[in-house]
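Following: one structure in structure tokens, then a few remarks.
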Amino acid sequence: MNTSHEIEVYVRFCETDAVGHVNNTSYFLYFEEARTKFFSEICPERDASFSFILASVTCDYLSQAYASQILKLSTVVKNVGTKSFTLLHTLKEVDTGVDIAECISVTVCFNYSDQGTIPIPKNVRKRLEEYLIAS
Amino acid sequence: MNTSHEIEVYVRFCETDAVGHVNNTSYFLYFEEARTKFFSEICPERDASFSFILASVTCDYLSQAYASQILKLSTVVKNVGTKSFTLLHTLKEVDTGVDIAECISVTVCFNYSDQGTIPIPKNVRKRLEEYLIAS
Amino acid sequence: MNTSHEIEVYVRFCETDAVGHVNNTSYFLYFEEARTKFFSEICPERDASFSFILASVTCDYLSQAYASQILKLSTVVKNVGTKSFTLLHTLKEVDTGVDIAECISVTVCFNYSDQGTIPIPKNVRKRLEEYLIAS
Amino acid sequence: MNTSHEIEVYVRFCETDAVGHVNNTSYFLYFEEARTKFFSEICPERDASFSFILASVTCDYLSQAYASQILKLSTVVKNVGTKSFTLLHTLKEVDTGVDIAECISVTVCFNYSDQGTIPIPKNVRKRLEEYLIAS
């Protein structure tokens, strides 16, 4: 791996549930924020005709997280295909370094003018490869 | 009052928080659902140029609600102005009849073609008045 | 398959996003509601010491869904292991029958008194098997 | 006013809705984060028996906000009563300084041991008064 894309998120109280920990659905808020910011970085010149469409997402829950914690979300690229690519997001608690969750997401490149999937644009592919991990 | 608009909502587990009850932010999900369905009833013929815009909303928290409860949301009209109207939503737990919360919302009529507020259309005003309570 | 567990959900406006469709994170609200209700059915006698813990969840996004639609969520059992079981949830739009999303979730049985995973209780296993699909 | 408590929030894409702007329900996520952090500051020594309970909240929507914006949330104290106090939260878009929303919230001091409301503790009252605005 050359590099990873990193953000920090603060766990809001409303993201917890009556068991006392962060609810299973809240993790996807964090993963979406990571993807949005990652996409801004690898494709800052994106216009309205082009879009990244989420095809699938998987989350493995490893440890519990709690209100007011700061979590670090690292994003790397696991695979770059023709029209789609696979991201790996890992979520750690900053204070303890404990692994909280791991997420794999598959995103497809889409053109609204043609209403269809398209090959990953060259400049996007080049930037994705900077985050590619050895498989 | 002639009539009230009623819906029931199921409390999702993810709508609770680490205190064990429904989180303060979740009530607004229920109130929005009540407004959406109420607007479909009083303005079924709405086209894309016309919109109801929320100007303000107040919630008074009366009792705690819990996961898996069924809540009944009753909506009536408190006031009909020239361009805006005020709704009163009351939220009760169905099994016990306990009052959970009360919400007052002010909605403004808006025209996207003119990008401005407009008087409440006559047919909408007429239907709003069917839900008007004595003040 | 002997049977499937079915619920219907109404798509709230706040569950959509600026693209105009249901946001990728909202589907997990629906899947959680399906699991909660399914667990009440297969384990109505659950006490505070016993819990179902979500280990992983995957969602494949198949078609877009929109505000105010009614979606049908069918849950069946894909696999029953020693301490965990795998559910398959399918989400369809009721009016058109269009497949919206598919979710696979793995749940582990957990005992709070011992703070550890435990074998699926016999009565739960028996009820899970009523929903088991041929693999 | 002596001082105000300030935080910044990033608008997540999932916090927008199909109209294209931030959904009315999402603002309450931001206000809750502001309150949580403000309470940590005015009452860092809080133990499990003592709690701040939200009694009511009002939001006035002033301008639209959009995905990926950074919003600044300033919190001041509007009034300090015997057992409750009133906060005023203002939300601005950082880049333009545009006023997005204004929120007034009333919080009550609660003791879990006695299961009842209690007078605002002296040390909390003193810190609240540091944020009190002239009325």
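By letter and in written order, the chains are A, B, C and D; residue numbering begins at 1 in each of them.
Heads up, the rule we're going with is that a contact is a pair of C-beta atoms (placed from the backbone, for glycine too) under 8 Å apart; a residue touches a chain by one contact, two chains touch by 3 or more.
Please read these numbers as outputs of a predicted model, since none were measured by experiment.
Undergrad: Note down the smallest number of touching-chain steps it takes to go from subunit B to subunit C.
TA: 1
Undergrad: Using each chain's Cα centroid, which is most distant from the centroid of subunit D?
TA: The chain farthest from subunit D, judged by C-alpha centres, is C.
Undergrad: Which one of A-C, A-D or B-C makes the same contacts as B-D, at least in over half of the residue pairs?
TA: The B-D interface is reproduced by A-C.
Undergrad: State, to the nearest whole Å, the distance from the C-alpha centre of subunit A to the C-alpha centre of subunit C.
TA: From the centre of subunit A to the centre of subunit C is 23 Å.
Undergrad: With chain centres taken as the means of their Cα atoms, state the distance from subunit A to subunit D in Å.
TA: 29
Undergrad: So the centre of each chain is just the mean of its C-alpha atoms; given that, what is the distance between subunit A and subunit B in Å?
TA: It comes to 35 Å between the two C-alpha centres.
Undergrad: Got the subunit D residues that touch at least 2 other chains?
TA: Subunit D, residues with two or more chain partners: 13-14, 19, 23-25, 29, 32, 67.
Undergrad: Is the way these chains touch best called a line, a ring, a star, complete, or other?
TA: Shape of the chain contacts: complete, all pairs touching.
Undergrad: Write out the stretch or stretches of subunit D touching subunit A in their complex.
TA: 10, 12-14, 29, 32-33, 36, 40, 67-68
Undergrad: Mind pulling up the subunit B residues that touch subunit D in the complex?
TA: For this pair, the touching residues of subunit B are 19, 23-25, 28-29, 32, 51, 53-61.
Undergrad: For the complex, which residues does subunit B have touching subunit A?
TA: It comes out as residues 13-14, 16-21, 23-26, 66-67.
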